Structures are given as C-alpha cells and as structure tokens.
Amino acid sequence: MNAKKTLATTTKIILWLLVIVFFWWALSNHMFSKIVEQPAQFISLLETHLKLVSISAGIAILTSIPLGILITRPKFRKFEWLIVNTANLGQTIPSLAILALAMGFLGIGIKAAIVALYIYSLLPILQNTIAGLDSVNPATKDAAKGMGLTSTQILFRVELPSAAYSILAGVRTAVVLNIGTAALAYLIGGGGLGVWIFTGIQLFDNSFLISGAVPVTLLAVIVDLLFRGLQLLLVPKGLRLARKAAIDSV
Amino acid sequence: MFTISQLFNYIQSDLGNIITYTIEHAQLVGLAILIAIIIGVPLGIYLTTNEELAETILQIASIFITIPSIALFGIMIPILSNIGQGIGFLPALIALVLYSQLPIIRNTYTAINNVDPNIRDAAKGIGMTNFQRLIKVEIPIGMPLIMAGVRTATVLNIGIGAIAAFIGSGGLGVLINSGISRGNTNMVMTGAIFVSILALIADFLLKWIQKKATPKGIQ
Amino acid sequence: MIEFQNVSKVYQGDVKAIDDINMTVNDGEFVILLGPSGCGKTTLLRMVNVLESITEGDIRVQGKSSKELNPIELRRNIGYVIQSNGLFPNMTIEDNTMIVPDLLGWDRKKKRNRFNYLMDLVGLNPDDYRKRFPHELSGGQQQRIGVIRAMASDPPVMLMDEPFGALDPIIRHRIQDEFLAIQQEVKKTILFVSHDIDEAIRMGDRIALIREGKIMQYDTPTEILTHPKNEFVSEFVGQDRVLKSMSLYSVQDLVDAFNLESSKQEVADTKMIHSDTSLRVAISMLLNQEADQIVIVDQQDNQLGSLTLNLIEKFLHREVKGKER
C-alpha cells in the first residue's frame, strides 16, 4: 500500500525535477535570449497569436453552440445524424491539412489562417454541445414540459445548465487545439509565435526554438487548466453530484 | 490558387513520389503506434493495481497532450541535438509515441477497470489465476475500448506526423512543406488531401477492426 | 373536475391506444387508472395536460376544454408527477420545488413559506434540505419532492403516473399512507396511474380498470372487488378478491349488517376486538387464537356482540358474493 504511494510521489517528483532541470539548462544556455533581447517583437507575436486564437475560437463558440441547440430541437432532429457524422469525420482531418486547404482556397494571410482555425474549432464544440444536450434525461424534460415550462424555459433552465459540463469541455478542447494550430499559422502567412519556432527550425537556432516553443506550450497548458477551473466553477454543483453518482454506480 | 484540373495533373505527374511519401508516413505512424501499444497497454493494465500512480500518470499524460506538437518539436530539437538527433526520424518517432500514451493508457486502464466485478468474481471463483483472468476475461472484454484508444492515437499521429515533416521525418508533410516554400499550391493541396485521406482510411479501418475485436456476446 | 368525452387516441402507425373513453373525475376525488402494461393509462393521463394530442373527443378540466386553453397555461394549473421523479439535477431542492411559483412570479417570501409548508407536509425538515441537490437524497425522498413540486402552486388537479412505482415495498407503503393523509387535508382532484391492484384498492376513491384502451369498469374499490363486471375484471382483481375485499370492511360493517346486539353475557377469558378493525385482521385473530368467538367492543369498551367465523362467512356471502345488482 505504502510502496504504491511512494511510487506515485516519486514519479511526480522526477517529473518536476525534469521540468526544473530543463528550465535551468535552457536559461543557463541563454535559450530564452530572443524574449529578453526583442521584447517588443515577442509581444507583437504573442498578440497576433492571441488574436488568431480569440477571433477564430470566439466565432466558433458563437456559431457552434447555437447550431448545436438548433439541431437538437425536435424540428431539426432528423438532420442530427448528418451533423454528428460530419463533425466526427471532420475531426479526423489533421490540423495542418486544414490550414493547407484554407491556403489553397483563400491564399496566404491572416484571413485564411483565421478561417482554418475557425473551422478546426467548430467541430469539437458542436459535437460536445449536441452530446451534452442529448444526454439530458428525457424524463426530466418531460416533467418540465408537464409542469408548464415553455420550450425556451426548458432550454435555459434545464437543458443548457445540464449540458454545461460537456459544452465547456468542448470549448476547452477547441481552444487548446486552436492555440497549437495557430502556431502553424506562420506557414500560411498568419504570424504568431510559430514564426520563431519555424525560424529556429530553419536556422537550427535553439534560442529561436525555445523562445517560441516554451511560451506556446505554457499558453496551451495554462489555458487548459483555466478552463478546467472554469468547468468546476460554472457547472452547477448538483450536476457534478449527478455525474459522480453516475460514475460511482458503474 | 488552384484549379481541379491542375491538381489532377500534378498528382498524375508526381504519383511515384506521392506514394513513397504516403508509405513513409504510414511507416512512421505504424512504428510509433506499435511501440506505444507495447508501452501503453501493459502500463494501463498495471495502473489498475495502483490507483495512486494511475491518477498521477493520467494527470501528467493529460497535461502533456495539451502541448502543441510543433512546440514540442521546438523543445525537443535543442535537447536531442545534444546526442546529435535534433531533427529527423527519431525525434518524430519519440514525439508520436509520447502523444499516443494518453489515449492508449487511459482507455486500457478504463477498459480493465470497468469489467463487471461479478464477472471478475466468477473468474476467481472457478480458480483462474490473475494472469489467466487478465488474458482470458479482462482483456477480451476490454478490447473494444482499448482498440478505440489505439484508433484515437493513430488518427492523432497521422496529423502530427505531417507536422513532423518540418523537422525532417519525411512523409506526406514534405509535400506541404516543399509546396509552401516553392509557392506550389497544387503540391500543398495534394499533401493536405492525401494526409486527410490517410487519416480517414485509418479511422475507418480501425473502427472496423474494433468491431471485429468485440467479442460476439457483448456486441 | 375532469371530464373525458368520447376520447380516442391513435398514434402514428395506427396504434389505437385509447378507444372512445367517457368518464368523469369529480372535484376532490382520487381516481386510479388501473390496468396491465401497455393498456393506455399513461396515454390517457398525458392527454389531460396535452403532452399527447387528442385524436378524437374532448377533455374538459375544471369545465374548460383543453382545446380552448394555451397548453402552457393549462399545465401550470395541473400538477404532474412521474415515476422517475424528473427532478432537475442542476437545481437545489428548493429551486426544484418552487419552479412553477417562480415562473408565476411569486415573491421570495411567499415561495419560502410555501416551500416550508410543503416540506412539513411530507415530513422533511425544510432547512435541512433547502440547499441540497436531488442526488443527495434517497429515492423515497426524491419522490416526495416530486410530489410536492407538483403541488407547489396549489393546482386543483393533479396527474400522477405510477409515482411510487420505483420504490421498494416498505417505503412505497409508507409514502402511500403519507400521501393519503395529505389528500385528506388538501382534497385535490387526482388522476393516478397504477398497475398494482393493491395500491389501487388502498388509495382510490374510484378505480377505472382499463384494457386495450377501453374502460372495463369504473367503480369504487368495493364494487370492483365484490361485483366485477366481467371476466377480465375478476381475473385482474385476482382469485383472492374475497380476501382483498375483507380489508375494505370493518367489524362495524358486520355489526350494522346483522343488527347485532350485545348478549351482555359476561364470559371470562374471551378476547376483545375493536369495531373499527378490518375484517381481514379479525379473521386472522380468530384463526390464530383458536377462539370460537371474540367480543366486539366500541371505542368506549361497550360490548356490541360476539364475532365468529360463521358470522363472517355469512356476511361475505351477503356482501361479496350474493348481492345482485
């Protein structure tokens, strides 16, 4: 029993040590020098990166959640399988391919990059919105209807709160993938922190590589953690209990 | 910009290379998945006996998988160049194996953990050893979920494999890379289309295998 | 009052679920829709609050046809309870219970008072449960909340679809008793679906026994037990219908029926039985104690006569088997 715990703790410690050693090594070899030497350039690349992500993911959220709601209404239910299958299929297409295809159709530039990132973010959110709304217990909806709630009231008071966990998980996945894919936007002229990474690869220059790659990594990891926190914060307590009860009963 | 007929002309004229790149791509991904299974499945099974470690490993793996692949390459190049392997096949292979770990370990762990305790008791009751139970009962029942993890990892790897071309691993990403640097849109599009088709075929094929691997009784 | 006038329901694909039903549920009456699975009970119930459309005929609730009213408004005046409680997992117990009052725009204080009152009614401490969530409650507690949620805005009419069906027998029995006591106080007009004859006998003022969308018999439990109209009814009620019916009669009914008078004889060592005891209990007393007779007494311990197996048999012949319509 105790040996098992020790193993887990040791693993954690080794991992943290590796991270610390890496940063110590990178710092002592001046691999973050680009950030120190060209802070204005760094800020501008970071700004472009965040712009790419927030515009494309923002529009993706604003379109895919309403679309997911619409497609799960009785009137449009018959198209649900089509949308779900398209979303599944679409998600097997690699991010680089989507960027390349966007370039083929729209040419080089930030617009093509935003369109590609938008399409890439759309699918996980749409898929999770539909899955979340579909997982609401039909008996719960029936009871709500029977008590005289309008369909809008059922949507906002019951269905969306119940689907919140799943929808937020979709948004988290989409945004985190988006941050990574935006690092490829450089390839089609979109800018962002990818500029330094690719420059580093082409010049075989460690300081460009690390100055670009580490911030992108931290951005992705931190945003992921922030969204996980948000999930805990925004998802009604009763639902977390419900999820836990469902898992425990398995 | 491009036209469909130009695209077809390009594909026809460069078919030999395209096929070579496709095979390269499949080899890289195939090898990575094989290694990932050899590491991930036993690890996933072991973790079912050590809950503390399972939580730690799954946590680490789920943070790791959020690291963008191009950023991981950016971090790996300086590290691996210490042993003279900064770019090329090896860093790509390592990255692909690492990214496969979360889906494979998590699905194996869940698959084995979710086996109905009654079934497990029954297996114990008729005198199976732990190992027999694992081979004859738990793995067959967990097979569909394990295969689903392998499928997720494969599709993921085909995409990351395309990006790995920028660090010299070969494969279909080369078409996209060279196409961009030469301003040849047809080449870029061809790379994008073939890598997408490869991912779709792999997904389809593995879904089919997943279905075949499901024991008749629990389909 | 709920009036069904020549009501029929045909589902898509030509399934005739309800076939020309006519019945009336009076104000304050507790009516059970009873019948085997698939006979159309749920369908009939759900047509009352227009969760299912009415194919033919009309249903009037409190004198108004459901066709005249907007379904939302209609439903807010009808309580609705289902078997799997349908509580909203994302809302606290208080928010769940007060959802309809909230939609009706009640102020906080009024809602709080109502919540406290209803929780007291089902024996749950309002302050202990106010901020809890459905998943923190037991099945029986959840079902109680489901019931009081339906009563929240004090609707005159309640529809209940096997509300206690998922509970284990002991809890079910307790909730049934509780609910009967509540009904004594609130006197709602209730339509209650059940497939359990014992539940129907215990709870209902009247029972509508349904088979394949048609009413086989619509009568008081006593009449259904003692005078089944046809083979289906007597079979559904069961071979032990005479025994079942004995729980409907008290010793007092027997006293009244035979105009028993006290023999006033002082017999030492005899057992005594209160006149409000059910005949079912009486007969088991006679059999268990191997006494030939038991003295019947009223609340004040006045002797009313003596009870024998023979007398009970005579009574049953008269009341249950013999009486012709």
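All chains are identified by letter, namely A, B and C, in their written order; residue positions are counted from 1 within each chain.
By our rule, contacts are C-beta pairs under 8 Å (C-beta built on N, C-alpha and C of every residue); 3 or more make two chains touch, one makes a residue touch a chain.
Since the structure is predicted, the reported quantities are computational estimates derived from the model, not experimental observations.
Taking the mean of each chain's C-alpha atoms, the chain closest to the overall C-alpha centroid is A. Ranked by number of C-beta pairs in contact, the top chain pair is A-B. Chain centres here are Cα means. That of chain B falls 61 Å from that of chain C.
Distance between chain centres (mean CA atoms), chain A to chain B: 20 Å. Look at where the CA atoms of chain A average out and do the same for chain C: the two points lie 54 Å apart. Across the complex, chain A is touched by residues 46, 49, 51, 71-80, 82, 84-92, 99-100, 103, 133-136, 146, 149-150, 159 of chain C. Across the complex, chain B meets chain A through its residues 1-2, 50-53, 55-57, 60, 63, 66-75, 77-79, 81, 86-87, 114, 155, 158-160, 162-163, 166-167, 173, 176, 179-180, 185, 188-189, 191-193, 195-196, 199-200, 203. Contact residues of chain A toward chain C in the complex are 137, 139-140, 142-150, 153, 157-158, 161-162, 164, 236-239, 241-242, 244-245.
Residue ranges on chain A touching chain B, taken from their complex, read 4-5, 7-8, 11-12, 15, 22, 26, 31, 89, 92-98, 100-101, 103-105, 107, 176, 179-181, 183-184, 187-188, 194, 197-198, 200-201, 204, 206, 209-210, 212-214, 216-217, 220-221, 224, 250.
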